[in-house]
Structure formats: C-alpha cells, structure tokens
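Read from first to last, the chains carry the letters A, B, C and D; within each, the first residue is number 1.
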C-alpha cells in the first residue's frame, strides 16, 4: 500500500463558559491524532474574544504549531482544525489551506471540510458569474460562497447550510464555526465519517472517534448522513436534517480497510475489528500452505493477524518499518526512489528465512510497493511468498474524497489476478471478494460505496471525468 | 522623525517575447529599492506559462525571497510586486499581504495597490450584500470585487478598471496583471506617486523612479492622475483615462519631504532637490547664530545641507546612525524603548562639543524622538541646540495612504510653537511655513494635499473618522 | 517503557575509487535507520577532496540534513555519522554534538563513539594537567586527546588507537575517519554493538546491521570485543586487536530487549527472534487465564507475540500508537504531561472490552507509563489486566552507555513484585527471571552485562557514582 | 570602499553584585553597535550561576539573537561578545565562531579576540606537538592553549596571559572571561583598538568607544599597547603590563580612515574629525575646478565634507545608498554582480547633471567599485568626474587583522596614479600623501602601521607570506 491517500480530516470543539479547557490545545492534539488523514498542510481557527483568527501552513501539525503559537490562541471559546493532502502541485497553493476564515454580510465564519464535490467546478462558475472571486482552487471557497449566499436570505447560518446542501453534490463532511457556535454537516450519502462527542461539557466534532479519545472525551454518536448538528455556546447539541434524502448510504469501504485509524469506530463499525475480520474471511478461502503470516505495516497488520488466527498459521514480525519515516525528504524528493523502500521497510531474515510466507496487505494499488516487498522477502530468504489482499481488486479512480492514481495506472485495471500476481512476483495471489468484504460490518445498517472496485459510482460524475 | 510611515510600494514589469530578462528577479531588485515604503510584508506574483502564481509573507524583501524561491519563478513573462506596512496588529493577518491573485469569471488577475479608499468600508459592505466573502481586512479584495463585477459587463479588464474607478474614492495607485498584460491606474487626485519606464523593451511601472533605475532602466513619465496605462504583451503602452475628473491634483507633500527616496523624481519633482530647497528656504528665515548645522539621518540630511549652504554655517556629521538598524528586534519589541535611541543614533562629541548646533529634520510628529536627539546632543557637549524643521507643524491624521498617529498624539496638535520647543527641549524652534514649502516644486504644475498641516482634506472623510 | 534511552548510534562508510556511491547520502540513510538510537542531535563528517568537513546540529536526521546540504558533500570518499541523546540539559551544548573533527600534529581525524567511559573524568583531568582544553563535556574530546597523544609516538593511527584503548575503561564503540581510511574499535567487553559490512566494494561500519541493510548492503560480521578494524582506501579490511583482554564479554542485555531494532542481528543474535523467545519463556511460566494478549507498541509487540503463540491465547491489537509521535512538542515541553499518553497511545475498546487482557512489555522502569497504560485499558473496558514483562525487575542505573533514571526512581528499586503490581494497578505481574532471559541467545557464545538487574557491574565504577 | 574588511570586534562587560543590569542584553546592544566590524558570525558568552555558556552562529547580531534567546541569559554576572568576518570559505567552519568557551585544569574561561598572529601557525604546531587538538582553524584555540599552558604554572589567569603574550607575535585585542572577572589585553604595538569604560558600576571593554556609548556608558580610556586590564567581581579595575616592550606603537591607519565608526574615539583620536581633516588636506592640494563635491556613502562622506568646506565647493548628495543593503542575497550570491552596484547605490541626476563632480572616497582597493561609481555618475549626466582619495595608494596586503585582497589584485599595485585614473575612468585622480595623512591625528602621541601603503611591515612576517 502506499499510493492511496485520504484528502482530509476535520475537527471542531466548542467550550461553554466556565469550562476549564483550551480549545486550541485540544485542536492541536486532535489534529495530531488525525494526522494520518493528511500530511501536507494543516490549520487551526479559533474564536477568541469575539474574533475569528486562523493559523495554518504547509507541513505536519507539530511543524506548523509551536507552543508559543498555540499560546497566542489561549482563552479561545471554540476552535476548528484541518489536516489535508495536496491533490497535486497546483493545490499546494497556500490559498488552499484550511480552515478558511471569511467575513460576509452577516458576520464572520470559519470553515473546513473533508471530501469532494462532483459539481464543484459548476458551482464555482456560478459564483463567478455573480461576481465571486476565488483565491484558491479547492471547494472550500465554493462552499463558503454557497452558504454565504443562502445566508443572505436565512435568519440562521444553519438554515443557510441546509439550503446550500441542496446544491452540493458529492462527498463532504463540513465543520463551520461562528464566534459562539459550531455547525457540523455530512453529505446525504454519508461518504466520509463524521462524529460528535463530549469532553467535559465541551462539544467535539471529528472525522474519527480517535480524535475525541485523544482528548480523553466520550464518543456520542456519528453524525448521520444528511444531518446538520449545531453546538451552541452553552454546549447544547441540536440536530437538523437537510432536505435531500439520498437513495442510499454510501460509506467509503476504504475508510474501514485503510484510511481510518485502527482505534476509531466509524459509523458504528470498529475499524480494527473490521480489518481483523477481513483477514479471517481471507483465511477461510485460503488454499495454500504456509509457515508464517506477515502483515505489511502498518495497515496490513490487523488483517494479517485475523488471517493468522483463523488459519492457525503463526504470525511473525517479518517486516520492520522505520518509525521516523514521516519526516525523511526521500519521500518527497523522489531521490533514488527505487532504493527508498529499504529506508522505510526492512525484512527480518531470522524470521522469514526458508519460510513459506503468507503476506497480507489491505490493498494493491499500483503494485510497485507490493512488488518490492515481495522481492525484499525473497532476498531475506523466504522460500515462497503468497500474497493475500483483504479487499477486492482496486480498479477505478475515486471521485469522492480520496486521492488515487488514474484507473489506468492501477495494477488490477485491465489485468487478471494471474497477471497481477506475476507483476508483483508472488507465488500466488488472492483477493477478498467484495460480497465478503461487505460482511465485515455485519449487523450494522451500513451500505457502502464500492466504486473503486466496481466502477459503479453512487452519484453521477461531472463531464470530463475519466470514467 | 520616525512615527510616520508610508503604507505601501508597488511595482510591475512586462517582458515581451524574445527579451532576455527575468521579471521575477527584476521585481526582487525593484522591491528592494522600494523597501523604504514598507517593511512589514512583501510579495511577488508572476505570470508563468499562462498561470498566475504568488509568493508572499511577513518580513523584508530579502527575508521572504531566497534565490531558490526566485528561481521557481524563472521564465516568467510578467511580474508585479508589493511592499507594505501593517496598519495595526489586526492587519498583520496574512490574508492582507499582497499581491492578491484572484480567479474570476473571465480568468485570473493579480493586483496590488498603494493607498486608502475613504469609502472602502461602504464598498466592502455592498460587495457583501451581493454575496461577497472577504478573507482579509484591507481594500485589495474590495477593489478586486469592484473590478471583477464591472468586468462581467465589459469586454476588457481595462474598461472594468475605468468603470470601477467611478466607485472608488480615495488615494490609490494600482497595478494589475493578467497573464499577458499589465494595467496601472492612479486615482484622479494623484495622491500617491506612480510612474512608467522601460528596461530594454520591457515596460515597468513603479511607485518611484528609483525602482526603475535600480534595474538600469529609463524613466518615461509619471502616470497622470486618473490615468489608466496598459502594457500589452508586445510591450506597447496605451493610455486611457477614467471618467472622473478631480477638482484638483493633490500630490502628497510628505512624499517630497520624507517618504520618497532622495534619488527619485516624483511627478516631475526631484526629491533630493526639493528637500535641499526646503532647507535653503528654512535658512532664509533663520534668525539665530550657529556654529554647526546637523541633519537628522537619514531624512533630515538633505534639508540640513541646503540650510548650511544657504546660511554659510558649516555642515557637520554630528549624528551617526547604525546602518544595520533595519533588523534589530529592539524596534519591534519596545524593550527598553527609552534607551533604544542610542542603539540607533549616536552623537559625535568631537564634532558638537561647545558648539551652537542648528539641528534640521524634515518633521516633528510625536516629538519624542526629537526630544531624545536634542538631549543626546546636549550630553555630547553642544552648547545650544536650535531645532529647524523643513515642513510646517504636523497636526492632522492622514487618511490617504499614510500611517500616522491620531491627531491628539501629535506634538503640534493643540500646542504653540513655543510649547513644542519646550517639549523637545530645544533653545529655539522654527518650522517652514506651508506657502514656502509649496514653492520647492516651483515651476511644476503641481498641487498638493496638505491636510496633515491644515486639516483641509481634499476628499470627504468617512463618517466616524477622527476629524 | 519509555524512560530508558540509548545514548548513541555510529556509522561509517569508505568507498574505494571507481565505485559509484555517495558516502554522505549513504550516511544519511544509515543514520535514519539508526535514528531509534538517538534523537537529540546528529551529524555527518565527510572526507572530501582531502579535507574533513562536518555538519551537525540538534534534531532528527531529516531536520539537520536537507538535500542541498547533502549535495555539498557530494563526491566524498568516506563519511562517518552519529545520532545521540543528550544526557541532560548541560550536554545539549552544541560542543557535544558528534562527529568531532580535530586537527593534530599528524593531520586531521573525525571521530564518533557510542558508550561511556567510567574513567572519563580522570582521563579528562590528566589531559588538562598536560595543557589540554575542552570545549564540551562528553568523552569524545577525551578519547581524541588520548589517541592524538599516543599518535605522537606511533607511526599509524591504528596503533595509536590500540595504545589509547589501554587507558580507556568502559563501554565504547568508536569509528574514526582519516582522509583515506576508517578505523572501528570496540571495547574489550563488547558492551555496545558494532558490525562491519559491504555495499558493493565499499566498507561499512555500523552500530546495527539494519543500517547496512538500509543501504542494500551485506552484513559481514560483528566487530569482536577489543578488536580494531581498519578499512583502507582500496576497501581492504584489516583486523588488529588491542592488548587488553577482558575477563569476559559483557554485551548489553537491553540491546536485545529494547534498544536495537527488531530487524538487526547483534553479536550473532537476531533481535526479533530473541524478543519473541523471551515472550515464549514468559508464557511458559504464566499462571493466569486470559482472553487476549496485547503488546505495548513498539518494543513490547514481539515478546507479546511470542507469548501468544506459546500460550495459545490470541494476540489482539488492543493499543494503537500515533505514528507521527516522533515530532510533537508535547514530549519535550512536559505540557500536560499527565494527559499526554493518550496523544501517543490509545486503547481499542472493540478489542479489549470485557476481556481478561495479558499485557506484555519489555521492561518497567519508573512504572508511570505502565500504570497509565493499565488504566487506559481498564477505561476501554478490559475486565482484568495482567502485566507480563519480558525481562527481570530493572533496579540499577546503567553506567555503560544508557541513559537511565537514578536507581531510586525505578519502580522495582526497593519494591517487591507485589508492590510494583499495586503501583501500576495491574491484577497480576510477572517478570522473566534473569537466567531465563539469558537463554534467548542460546547457542551463541555470548555473555551479558546484567548490571541493571543485579547491580553487579562488570567494571569498577568511578568514585562518587551512585552505586 | 568595498573590498576591505575588518576581521573582528570584541566586547566585554562585568556587573558587580547589586547593580541592576543585564550583561547579555548589553552585549547584544554593544555588538550591534560594533556590527560594522564583522557581519559573518557573532556570539555572546555569559557567566551565569557560576557557569560559562555561549550562544553563537553565522549571521548578523539580530539574526543570531532573539529576545527569547537573550532571556535565557538573564541574570548573568558578566558577558563577552564577538562579531567577525570569515576570512574565506574554510573559515566559515562553525568551530571558528567566537567566543570560545574552554574547560581547563584550573576551571573554565571564555575568550574572544580581534587580530592576527603572524606566528599563529608556528604556535599551533607547537601545541600540536604537545598533544593539542584543534577543532577550528583560527587563532582563538592557539591563544587558549598558550594561556592555559602558562596557567598551569601561574597562580592567576592574568599572569598566564602576561606570560602567553611573550609568545604571541602580531596584532591582537583579547577579552577573557572567568566566572567572576574579565581580562582585556592588547598587543604591544597596539595595532587594533581596545578601550575601557563604565556603565554605572559595571566595567566595559570594547573595540570602539561607540559600543560603550550605545549602552549610555562613559568612556574611561584606551587600553595601552601591551597592557593587561583586569575587572574584578566588585568592578575594580587593575592594570598590569606584559614584559614585551614594542619598538614602537603601530596603530592601524585604516581604523581611522575606514574601519572604525565615525562616532568612535580610538587611541585618543576622533574618527569623524580625522576623516574630515583628511578631506581638508586633500582639498588643499587640489588643482582642478569643480561644481560639486560628492562623498561615496558611507565611509567617504566625512572626508568629502571636509573637502567641501576647505575648498568652498558645495557638497551635494549625489549618491544614495539603499539602507536595507545589509541583507540582500545579491551580495553573497554574486548573482549578476556587474549589475548589483545599482541595487546598492544610485546617482541623483538632478544633483549631478552637467556638473564637474569631485568624488571623494577613503580608499581605492581593487578599483572595480570605484570604476562603476564613476560610470554611474557619468550616466546620470556628470560632465566631469575627478576622483580624490583621502589616503595614499593602497598597495600591500595586510597581515595584522584586516582582510584584503592579495597585493597583485590591488589597483595601485604596480600601477602609476595615471594608470589607476584611466582604470577607474575618472578625469583626474589625486591621493592624500602618507605624511599628510599621518598629521590627521596631530597632537596625539600616535605612531601608525602604514604597511598597506609602504610595504614596511612593523613585525617580521611568517615565511611563505606573499610579501
């Protein structure tokens, strides 16, 4: 795994008067817990003394926020924060960092979101034809214009949000801050996760429950698809719903398989448990003998453990990942890229030598990293390497909030399982069939978006999209 | 002098095909030459391969732009740049740095300006009522909205600019960049300087001619009040005029006295010559005897030399300024402020001891720096210190592009000359009368804004302004 | 685990003429692989065009070395590098960063070492009485003086090293660079690991084999206790031996248990395999029933897996570690220290709820982190938490290259197992007895330093040491 | 102008108990006042709670010291500081920054110096033959070894300094700090300036009196050639003298002409007055007619004013220097070097057009900058440009503390005045004869080093020196 990236993570906290908390420090810790959802830029906006202020920049959370920086935000009543991946070079534009703080006819607001609008370009053009100007290229300004435009005719910002949602088609989890309250909204299909919790009397919104737990808080519930949740200055939580009813839920299967953190519970489903279950299912259909099960760190480990437990084949730590990898420039500079995997991962010869290894990962995207890992294991003495993938063949580009290669660049696009197996150099290859993967969240009322496996997109794509 | 600050400096260059120049490097050098017009933030936007890109930040030009940074802008066809002072803490907001790059219905543009709109707040509100959103607090976004709105109904951007100028009341010198041409516009009263020149076949716009000379270029002429000058991709220069005719020109007298660089020629007037002439006029009305004329570095030196030459009293280097002063944090941190003048300026005892010193400066604003200099000279042994100021008593806050203290904070506000003299501790004090100051640009068809001396503002001020 | 830290890691590479490698880039990658051995400062010295040059500073390897920085070292013939922990505030002194480049009577040399001299203070004083001056406070200068002094009477540097080793008492692995060759030396007891390998025709020395593998190189062998290995400019390897014969080997048991990277082989012993074996041994003596085995990431996982496999109790991912933890300032700033564990580790409720958890870690030092983890698991719903430690009670301060708290600060110092169990809040606690731990490297001719468990130090400690 | 650079500036302050000062802040301000003596690196060492600590780095004083950094030095009892130029690329080595803090047999000391030892290399070798190791390449370590070696046999550090001075041949002004007292020493010839003063009850040593005045202190006297001055912890000043009696004083003439700040008094001579006098003398021998005298900023201005006053020809501000020049990377990057003068200096056309200009500078070294200035004036319309230099032809490399080009690179080396005149493109050229220059300090018991004009070096040069 490696070429698939989540676009963003969002967070918000509102602290009622008398509560001894520092929302900016909480936002720092929560964003740090959500760092896996985006490493290119981050930001925190606070409501401090009736003003909205933002600090943001390119880099990891600890790079952008120093203790003196956070101290300038001490005494804030509320904060929202964001981590993101840059889609491409163009979007590295600082004007694309979030949260966005905007001043408008009825005051000020700060906004951040996770997702992609499939009609973002059209909405942007509509705003432009009314005289709108855009400093960046992502949808945060588009959504801001929409909400602000609607707010000209509504009394409350939440009503404006509900109106605006009628125009927004796509995947989005939004958190909005006014000086004294927060609004969280999730798209009608519920593509991306969003949940609400409490820390003391403070209200917390976050992409994943792990961010709430990082603050020592309590998870309350997921924000429902199409729901708009308001936290007022007293810490009261109110729920509204947009007028759009989606034909069906469409929670991103890859949140379960790869994106979300293992200790999160998203839409009622424990991410760690789901991954282990996927590994078990994979083991049930397994046909080869093996001496050792190895998971690709970090995302393949849970499935590998499920596989090991189900199959009775022992699990071994056959691959070690450098825990400082987040920072080395080798990643970004493409320097000696072909050699760089060894900097990141190393095989443990003592563990794999002369073994028939069953290698488990969550997915195969381009197949290049996978091929190098297989080779690494062989060089370390593995006798056989059998690849097992805890999801179906990944064949189609995502248009709902994930950064994927174009479909043609994917290993499984236009290749049979046999061909992929040869491409990665494994002795055998098995994927987990889609219908089985969908059972990992058994017992939950969950319907998934599986477009990356099937090409059946839940919403119509904009013209000009690749597929 | 010291508490008076210019708000901004602007620059633009367009290089026709086949010309061997690097607009971004030129912008760097030109902004460096304009650094005296603003030290808080700066930025350069370029047109590169059909896209507009900007780099900007808080700090001096050499702090924000490194050689590698500039190299990323190599191959640009055009560039505009900006240096500015932050008016106050709030405006330190990064969203207020310029140039501003905006995408709109007809494409993209970059904009920077120098000045203040007196109706800026009203125009902002009008934009907001139409659904506009603002990320910063200065007028750059206001002007952008106006121009973009007009551009929805005009064929060319220059026509949009001309339309927009009908709504803009105040002082402004604007430079706009599209991917293949530049537009420069100056307010109908001509408050702030703006000129046009050539370097090779490239067209250059700048706040002051010294920026053109820094590139080895040739000054062509000033942009006239109300004029809109277009430089097209072939380097042709076209001139239009807005439909507003101002009752009179109103060039800022303080540009001559203090802001502009001594080697600049603004609106036909050599800054250095004007300052020296002011010193001569001051000498003609002088009534005391002195042994030595001393100028306060850097801005009082030219007038002091004029004074010395006219009066026959020798000029002496009695004050030495630390030439690294631009950088020390003492300025910004107010640390031991009362002691800090010595870090900046020192008196030369050998020169002033037992002398009757005539001390010349361009102006007295708060009077505190002046008082400390007088004291410094006395401590160094001066027998008498006679203060001579090459401008009239400064009494009223500027609303047209300069950052001044509130009127009440000014030494001459509500004080007689005698009282100011006592306040600064001098043996005598004389100002240059306004009618005399206005003759320094004799022979030129120039009419000045003298509101800071007289309180007679050229344009109506917004409600709620201090005076 | 958490309060125990290795002091340093060392690396060296020499590339013969005609070999297409960049020693500085190799050093960067190797130090990155050794980053777990020291995170406070790092440095690389190169031999470039007959001169020794060094770049070093405080921070992680990717913080100190940028690509442009490394490019300045392109074309180097050899490089040595170092990562280290600062022992305390005083030693944060930049003069203590390594490698040290010194000029002496016979030329220049660069030196880095890992370890502690127990007679370092006495040797320093002896140098001072001969007129030596010291800029820092660690032993690198002491060792340099010793070697340089001996070199005044020896023909070769290696002979000087052999002579100097007669005076050095303690734990040390040293790498020395002259412009055209490298020398590696290991103390006669072999406290700290040091090995030699090849990448192509280049010779590589490193603290751990994982650094050699990070370069795609081949591990040749460990440097023997008391051995001095020379790599000449042609890449030939020569071996000498110091004249001291230690009474016995004394390899640090904690290298196996905690410090070394799991994929390293140190003194013939696979670190990963040793840890798993320790877990198995721990399971054999286990007396309680459990539903789930959980390892504390990262260092407790291998032992936990061994425990699970041996006991048949399933392994579960019950604790998730934030993989960006290397950077957050919370660690260094002690800000809300009591809350900070959650930022680093989180328990997975879905996994541990209602379970009897067997929690495995490599050691208990102060006991505070351990107590918080037990609490975390209980809050996440664990029914019982049984602590199992894959090493004996840690009771005595290390004086041979590890940074430990003073003995009195250790949980097990002066406390019975029962008392420690109560202190950490677990339902039961078992340690692995020393004689069993020593069998993890069974079959190897290895004798260990076990002073931290027994207080029986292998070498006499300096007067004034705590015990 | 331009290519001649002082090597260093030194400063020290000792504050007796009960005195309300912050030595580190004083050092900051004083070094800032001495910044003209060295811009490549700087550092401050303090005695704080009985320990000596240093902070230093490459860059200007305000770049290396932030307010938080200085605050870490609050409460210091004493401080010494240093600014320096790097002699060449090699010496950019961080190990060459000063002050140097060293630990030795009798304790600790911090040292900084300004100058050059002509026998520095020999002394270094002698130290090396006794086992000394050197981390840097300049003389600070050499002097430290010497003093420390002597201190092994003396009771006090000052006696060690006096002994060491018997071995040191060359130019040096040294400041030494122990935890509770300071020692200042000046070479027996008195090449480089060094003075002592008081601020309150604190004792201050500095290269120039302007640093004492920057603190609001009082200049007491110059440290005499060969003198050793001690400031003890009560602020008492004691004077000793080394045993070497120099044949004659040899104060650097260029300190007067160029290096020292205009407001300093060095060895009893007012720098500003001396420069003006040099200009007057130059005018007395002048034979051409002129309309305008112009000084090259900053160092030529005082002489030009003297010239103007003596000749009766008016002084004009014909050249304007960018006051932010200290920072632009153009200087260091040699980018478009030929164009860069305009970035730094600009001619004022309105002032020089159609004028016969007499251009005054303090010296001509390589002649390149001078040639460009002449050209600049001609391009700005000057009818004639007559060059007048307030010192004799500069022909020989300095070996006593100044960084100069090699003799062959100097304009006047092997060229007649006529040839130099042609080289710089002036209409005429006159230098100030040496015997006249020496009279500028008339009435003072001062003898000068004039080797740069005559090649008669005061001390024997080391073998291998250029001349």
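Couple of notes before you dig in:
We adopt the following convention: a residue touches a chain if its C-beta (ideal position, glycine included) is under 8 Å from a C-beta of that chain, and two chains touch if they have at least 3 such contacts.
Fair warning: this is a prediction, and the values are worked out from it, not measured in the lab.
Minimum number of contact steps separating chain B from chain C: 2. Of all chains, the one whose mean C-alpha position sits at the greatest distance from that of chain A is D. If each chain is reduced to the centroid of its CA atoms, chain B and chain D end up 36 Å from each other. Here the CA centre of chain A is 49 Å from the CA centre of chain B.
Which chains touch which is summed up as A-B, A-C, B-D, C-D. Interface residues of chain B facing chain D in the complex, by the touch rule stated above, are 25, 29, 32-33, 35-36, 60-63, 66-67, 210, 213-216, 261-263, 265, 270, 272-273, 276, 298, 301-302, 305, 309, 314-317, 320, 322-324, 326-330, 333, 335-336, 339, 342-343, 346-351. Residues of chain D touching chain C in their complex: 95, 100-105, 125, 127-135, 137, 141, 144-145, 148-149, 152.
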